[in-house]
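The first chain written gets the first letter, and so on, giving A, B, C, D, E and F; residue counts start at 1 in each chain.
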Amino acid sequence: MTLSPLPDMLLEPFVHNALTEDLGRAGDITTDALIPLSQKWKGALVARQTGVVAGIDLARLAFHLLDPSIRFSVNKPDGSVVRPKDIIATISGSARAVITGERVALNFLSHLSGIATATHNLVQGVKPHKARVCCTRKTTPGLRMLEKYAVRAGGGSNHRFGLDDAILIKDNHIAAVGSVTKAVQRARDHAGHLVSIELEVDNLPQLAEALELPINVVLLDNMPTSTLVKAVKMVGGRFKTEASGRVNIDTVKAIAATGVDYISSGSITHSAQILDIGLDEA
Amino acid sequence: MTLSPLPDMLLEPFVHNALTEDLGRAGDITTDALIPLSQKWKGALVARQTGVVAGIDLARLAFHLLDPSIRFSVNKPDGSVVRPKDIIATISGSARAVITGERVALNFLSHLSGIATATHNLVQGVKPHKARVCCTRKTTPGLRMLEKYAVRAGGGSNHRFGLDDAILIKDNHIAAVGSVTKAVQRARDHAGHLVSIELEVDNLPQLAEALELPINVVLLDNMPTSTLVKAVKMVGGRFKTEASGRVNIDTVKAIAATGVDYISSGSITHSAQILDIGLDEA
Amino acid sequence: MTLSPLPDMLLEPFVHNALTEDLGRAGDITTDALIPLSQKWKGALVARQTGVVAGIDLARLAFHLLDPSIRFSVNKPDGSVVRPKDIIATISGSARAVITGERVALNFLSHLSGIATATHNLVQGVKPHKARVCCTRKTTPGLRMLEKYAVRAGGGSNHRFGLDDAILIKDNHIAAVGSVTKAVQRARDHAGHLVSIELEVDNLPQLAEALELPINVVLLDNMPTSTLVKAVKMVGGRFKTEASGRVNIDTVKAIAATGVDYISSGSITHSAQILDIGLDEA
Amino acid sequence: MTLSPLPDMLLEPFVHNALTEDLGRAGDITTDALIPLSQKWKGALVARQTGVVAGIDLARLAFHLLDPSIRFSVNKPDGSVVRPKDIIATISGSARAVITGERVALNFLSHLSGIATATHNLVQGVKPHKARVCCTRKTTPGLRMLEKYAVRAGGGSNHRFGLDDAILIKDNHIAAVGSVTKAVQRARDHAGHLVSIELEVDNLPQLAEALELPINVVLLDNMPTSTLVKAVKMVGGRFKTEASGRVNIDTVKAIAATGVDYISSGSITHSAQILDIGLDEA
Amino acid sequence: MTLSPLPDMLLEPFVHNALTEDLGRAGDITTDALIPLSQKWKGALVARQTGVVAGIDLARLAFHLLDPSIRFSVNKPDGSVVRPKDIIATISGSARAVITGERVALNFLSHLSGIATATHNLVQGVKPHKARVCCTRKTTPGLRMLEKYAVRAGGGSNHRFGLDDAILIKDNHIAAVGSVTKAVQRARDHAGHLVSIELEVDNLPQLAEALELPINVVLLDNMPTSTLVKAVKMVGGRFKTEASGRVNIDTVKAIAATGVDYISSGSITHSAQILDIGLDEA
Amino acid sequence: MTLSPLPDMLLEPFVHNALTEDLGRAGDITTDALIPLSQKWKGALVARQTGVVAGIDLARLAFHLLDPSIRFSVNKPDGSVVRPKDIIATISGSARAVITGERVALNFLSHLSGIATATHNLVQGVKPHKARVCCTRKTTPGLRMLEKYAVRAGGGSNHRFGLDDAILIKDNHIAAVGSVTKAVQRARDHAGHLVSIELEVDNLPQLAEALELPINVVLLDNMPTSTLVKAVKMVGGRFKTEASGRVNIDTVKAIAATGVDYISSGSITHSAQILDIGLDEA
C-alpha cells in the first residue's frame, strides 16, 4: 500500500486559515521590523526525534502561500521514518517568509507527524500478527481529513470519516429498536448498497445473535483477550472483526494475537504527542 | 482571576465546521435509520478522569446547532476540577440530536479539557512559588483561540496570540540586525506604544547586554536552573522574566524556585492527552 | 424505509446562498416599493402536477431566513405523492417576506420535487420486481447533498456520495493496473475495512474473472437484458448486482426483470424536469 | 452579438466547491489506489449529441485546480454547435488528475450545455421572426450566474438577474397598491434612473390602462396568440413586449409570429436535459 | 418615497465580520477583566451633531449578535433628521455586551449616517429644483450595499450597483468601437431588455450625435452650467440627463438650476465625514 | 522606521470581495460588449492631488485577479509623497481587464491614500515636537487591517488593533470596579504578561491616583493644553502619555508642544477624504 498525497486544493484552506490566525491584523511585526526585505535564508526542517513524517505538503504550503518563490525540496516524504538530525526538507528563499511561516509549518508537520508516529508504533507493535491498526472519529475538530491522512502515513488504516459514510450500530441504537436483529435489518434497508454496516457487541451472547446477520464488520468492544479469542473463533471469517478499548503500545500485541482483523485506537489521533521537528539555518 | 466565556458568536463557526465535517453529505445515517424522530433522551456528560473542564460552551453548541430545543444544564463550568463520575452537564431532548452531536461535543470538550488539565497540573506543580504558567504559539492549527482559552481555564496565562500582537526577538532576528541593542531599538521604533517587546537570550552575557534596553520581558531559553537564578538576580525586577525549555511536571517546581515570573510550555497545547469524558444515559 | 430530514444547519447555507443570489445588492426593489411593511399575506404552496414532494424544509427556510415570524405549516411532507391542487404547505405572515422569498422557495422545492418524481416514476416502473433504483454522481455541481436526498424522497437508494466513500473500479483503472484481479486486490489493500468495492464490467468474460474476487457490488454496464440475465445467474448472489445504461421509464421494468439488485440512473438527477408548484394566495 | 467569457475569478469558487463536494474527506480513493502518480493520460471531451457548448472554462478549471500543469486545448468554444463525435477540447497530463476531475468537469459542461442547447433550440424555432428568447429567475439555486451565461451561449438574452436589478410588477403588487397606474408611479419614484420597469398584464383591459405609463417593458402573460397579436398592436412600439407562458419548441414560432419582442422561458433553465458529453481516451 | 430596510440576513454577515475583526482571538479583555457578568447597563445612542440617521439595524445587530437578550428600542429610524442630544435608540441589558459591542455599533452607525447626512445636504441644496441627487460606484470596497442604502436614507437615489446591472459607455469604450453610434448600437444588441444604457458625453457635439440613439440616460460630465443649460435643451426630454463633476454643496444649486434630472456625486460616499454619535449611560 | 508590505495572501480576500461586489452576476457588461478581447491598453495611475500613497498592492491585485498577465510597475511605493501628475504606477495589458478592474483599484488606492495623507498632514503638523500621531479603533467596519496599514504609510503609529490585544480602561470600567486602583490591579491580574495596559483619565486628580499604578500608557482625554502640560509633568516619564480629543490640523501642534508622547486621532481613519487618483491612458 502506497500513500497518496491529498491534492493541494484540499490542503490550502487549512494552511490559509492557520496563517491568518497567526498573522492576525498586522502580520509578523517582529520580522517586519528587523529582517530586511531582501535578506535570504537557507536551511532545513530537521527531525529531533525518531518518528514518521506526515504533513510535509502543509509545511510547504505555509511557506508558499507567503512567498511562491521559496524553494522547498523534500528529502523525507510523508510516511518516511526519520531519526534525530535527519533532514526532512530543505528550504531557501526570502528570510522574512521563512521566519514568518516557520511556526505554522512546524505546527502542522509536528502535529501530523506525531499522529503518524503514534500509529506507526502500534503498527510495529502488532507484528507479526496480521491485524491492521485503524483510527476512530475521535479527532481534533476540523482537522479530521488531515489526521486520517496522518494515520495512513503511519501505516494505519482508516475507519469511517463521518457519520455519513458507514453504519455503526451501538448499544443505544439497539435499545431504541429492540433487538440486534431488527437493528441490522432496518439499517440494511435504509442504507445504500455501497454502505457497510458495523455492529458493536460487548459480549459473546450478543455476538451469537449477530452471526447470521448481514453485517460487514463486528466491533468487539472492551473485551478481554480471552474473550476476543473466542469471538474470533465464533465469527469464523463470516465478517471482519475489529477490537477496540484499552489499546496501547503495551496491549496491542496481545490483542493482535487473538486473530482480530482490525484494532482501532482513539489515542493515536486524540492524544498523540507531537514529533519534535525544528527549522535549522544552514 | 475569574474565567470569562468567549461569546457564542466566536464559538459557533468552530462547532458548525466540526459538525459539517462529521455529518458529511448524508448526515448520521445510523441514527436516522434506527432512532425514531420522536424519541427522547436524558443523560449527562460525565468525567471518567480527574482533571479540569474546558469547552462546555462548545459542547452545548454542538447539540444546540442540531436542535435548539435541547435542554443543557451545566454542573461544572469551565475551570472546575472534576473527578471520575462527576457530572459536568445534564442533557435532555431529542434522542437523535443528542446521539448525532455526541462525538463533536466530546471531541471539543475532551480536547480542551485535556489542555486545561495539563495546564492545571503545571500550575499546581509551581506552588508555592509565584511563577505563572503560560502557553506558546505551538497550538493546533486553526484552534488557537480555543486552546489559549483552555489554558486560561486551567489557571494558566496567555503568551501572545499571534505574530502581530507582541514583539518577540529571537536569535535570527538579532543576527540580521547585528546586535541585541540595535534589534531592540529598531523594534521599539517600529512598534506601536501598546506593543510589548520580549527578548530571547540564551546566556548571561546576552542578558547583560539587554539589561538597559527598553524591553518588557526577557525570555530565558533553555537555561539550567543555576543559570536562571543568576539571570533573575541580574534582571532585578527591571522587566518580567520568562523561562522556557524542558518544562514538564518534573522540572517545573525547580524552575519556579529560581524566581522567574513566567514559565512557558509548548506541550500543554501541542501534546496534552485528552481528558476522558463520556456521555451516559440517565 | 422512512425518510429522515437533513438537519436545518446543513440546509441553511444553501438557502442563504440562494437568497443572497436573488436579493443581490439592493433586495427586492419591486416589493419594497409597492408592498407596505405591515401588510399580511396568507396562502399556500400548491402542486400543479402529479409528483412527489422533496425540499419542503428548504422552502420553509427561504421564508424564515427573511422573517422568522412567518407561520409555515406542512401538509404534504417530503416523500408524499401530490396531485394537482394539493396543498403542500400553508404560509401566513408578512406579505413582503413571502413575496420576496417565493422564487427561492419554489426553485428549491420544484427542482428537488422534480428529482423525487423522476425517481418515483422509475421506482413504480420497476414493480413488481425487487430491484431498487439508485442515483449516480451525475448531479448538479454543489447540490449533491440535496439531490441525493431528493432521490431518497422519491423512494430511490443512494449510490456513493463522492470519490471518497466507496471504490468504483472502471476500465481505465483496470487498464492502468493490468488486470481485474490485480485491480481489486490493490483496491482492497488500500481501502479501509468499511469501504465497499464495486467493479464495473462490460461483458461476461470480465464478469467471469471477477467472480472470486473480494468485491461487494458488480456494475453491469450497458448490457442487453439477455446478457443481464446471464450475468445475474453467474453472480449467483456472491455480491450485489447493479445495472446501468439506457435506463428510462420505458426500459426499467425489463431491466428489473433480469433479477439485478440495483438499477442506477443518471437522468433522475441530471435531467429531471421540475415539478410544477405554485404559491397561491388564500 | 459575441459571447464574452466570465472571468476565471468568478468561476473558480463554483469549481472549487464542486470538487470539494466530490473529493470529500479522503479524495479519489479508487484512482489513488490504482493509478500510478506518474502515469499520463491523453484524450478529449467529445460530444455524444448535437447541441451547443457552454461551460468549457469550468471544465478546464476542474482539471487545473487539481493540477495546473494539465494541458487543455479548446476546439469548440462556448456557443459552438457540436455534433456527435465532435471534439470539444483535448486534454493531456497526469492521469490521476484527469480521472479525478472528470465527473466535475462533465457535470458542469453537460448541465450548462444542456441549457445552451435548449435555448438554442427555441432561438432556432423563432426564426424568421425578430423575437428574442430570454430566461427567467427560475434557475437552479446558487447557479444563476452560470445558467444565465449558458442562456447567452445558446443565443438567448437575459432577463433580470435578481430581485434587485429591475422592477417587475405582478398582480399581487398591483393588488397591494390598488391600481396599475399607482403601482407604476410608485415604482418609478422608488427606483434609480437606470432601473427598468416591467409590468405584467394578463388581459387587454389591463394593457390599455398601462399604455400611457412610464414603463420599459410589458409582460404579456399566458395570452393566446390571438390576444398577443392585439396586444402588440395596442402597444405600438411604446415599449418592449415580452410574452411568457406555455413556451416550448412547438409553440414558440406561433408566439414569435405575433410580433412580440421577447419570449421568456423558464424551462430552458429549470428543466433542460443535459447535453451528453464524454471523456474519451486518445 | 419611503425607505425600506434591508433584511437582517443581508446585514448580519457585515456585522459578524466587524465584530470578529474587533474581538480578535481573545475577545474584549478589558471588559472581561473588569465588568461582572451579571452587571446591567442602560443607556442610549445619542446624536452629537445635526444629521440624518442610517445604519440603526447594523447597530442593533452588533449588540444582538453578542447577546440576543439586549433590549434595543429605536427612536429615530433611518432617514430621520437628528439634532445634538437627540436619542436615536435606547439600549438596556448586559453591561458586558453593550460595552463590547459599542465601537462596532458606532462605527457602522456614524459611517453610514455620515453618508446619509452628506447626501441630505446636497438634496437640500438642490431645492427648489427637481434634480435628484445620486451616488456613483466610488464606494468603500466591500460596503457598497450599505453605502448605497445610506444614500437612499439621505434622500438620494442610486446609480448602478455594479458593472453588471446597467451599461455606462465612457470615452475609452467609444474609442475602442470607433463612434458613439456604433458603441450604443453594439451595447443595445448585447444587453438584456431590462438593462438601461447611459452614455457619457463631454461636449455638445458628442451630445448631438447621441440624440437619436436608443439610450436611457446621458451623462453630462464636467460641463460648465452654461453648457449644461444648452445640453438639457438639446435633449428635450428624449432621455434622462445626469450631470457629474465638481458637485458640492456650493455648486449643486446652480447645477440643478440647469434643469438636469440627476446630479451624481462621488464624494457623498467616498469622502463623507462621519456623523458624531455617542453611547451615553442613562 | 520603514514600511513593511502586508503579504498578498492577507490582501487578496479584500480585493476578491470588492471585485465580486462590482462584477455582480454578469461581469462588466459594458466592456464585454464594446472592447475586443484582444485589445491592449497602456497607461498609468496618476495622482491628481498632493498626498501620500497607500494601497498600491491592492490596486495591483485588482488587476491581477482579473488577469495575471497584466504588467504593473510601481513608481511611487506606499508611503511616498506624490504631487499632481505624478505617476504612481504604470500598467499595460488586456484592455478589458484594466478597464474592468479600474474602479476597484482606485477605490482601494484613493481610500487608503486619503488616510495616509490625513495622517501625514498631522505628522507634519506635529513637528518639531517628538509626539507621534496614532490611530484609534474608529475604522471602517471590516477594513481595519488596511486602514491601520495606511496610517503607518502616512508616518503614523498604530493604537491597538482590537479589543483583544491591549487593555484600555475607561470610565465605565472604573465605575464598575469602584476605583482606578482596583481596576488597574484587576486588569494586571487578568492580562497576559505581554499585554499592555492603558488608563484613560479626564482630569488631574484621576491622574494623581494613577501615578503609582502598573500601567504602560495614560490616555489624557479631552484636556486643554494647559492641563496637558501639567499632566505630562506629573507623569514625569513613569509611563507613556497619549492625548486625545479635538485633534486636527489646527490644534495638533499645540497639543504636541505640551510634551505628550502620542496624539491619537479618530478622524484620520473615519473621516479622511480620499486622495484623488486617476487612471490615464498613455
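Simple rule for what comes next: contacts are C-beta pairs under 8 Å (C-beta built on N, C-alpha and C of every residue); 3 or more make two chains touch, one makes a residue touch a chain.
Bear in mind the structure is a predicted one, so any value in this text is a computation, not a measurement.
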| item | value |
| --- | --- |
| Chain labels contacting chain B and also chain D | A, C, E, F |
| Chain located farthest away, centre of chain F as origin (C-alpha) | C |
| Equivalent-chain rotation between chain E and chain C, CA atoms, steps of 5 degrees | 120 |
| Shared interface numbering between chain D and chain C [over half = same, under half = different] | same |
| Centre-of-Cα separation between chain F and chain B, whole angstrom | 32 |
| Inter-chain centre distance, chain E versus chain F - centres from mean C-alpha coordinates, in Å | 23 |
| Rounded Å distance between chain D and chain F, as computed from the means of their C-alpha atoms | 44 |
| Where chain B touches two or more other chains, by residue | 21, 23-27, 32-33, 100, 144-145, 158, 161-162, 164-165, 189-190, 195 |
| Chain contact graph, described as a line, ring, star, complete graph or other shape | complete |
| Residues of chain C defined as touching chain B within the complex | 4, 6-7, 9-10, 144-145, 148-149, 158, 161-162, 165 |
| Touch list for chain B against partner chain D, complex | 21, 24-25 |
| Of all residues in chain B, those that touch chain F in their complex | 1, 132, 134, 157-161, 164-166, 189-190, 192-196, 198, 216-217, 240, 242, 261-262 |
| Residues of chain A defined as touching chain F within the complex | 16, 19-20, 23-27, 32-33, 37, 65-67, 100 |
| Chain D-touching residues of chain C, taken from the complex the two chains share | 14-15, 17-18, 21-36, 39, 41, 95, 99-100, 103-104, 106-108, 110-111, 114, 137-145, 161-165, 167-170, 172-174, 176-177, 183, 186-187, 189-191, 195, 267, 270-274, 281 |
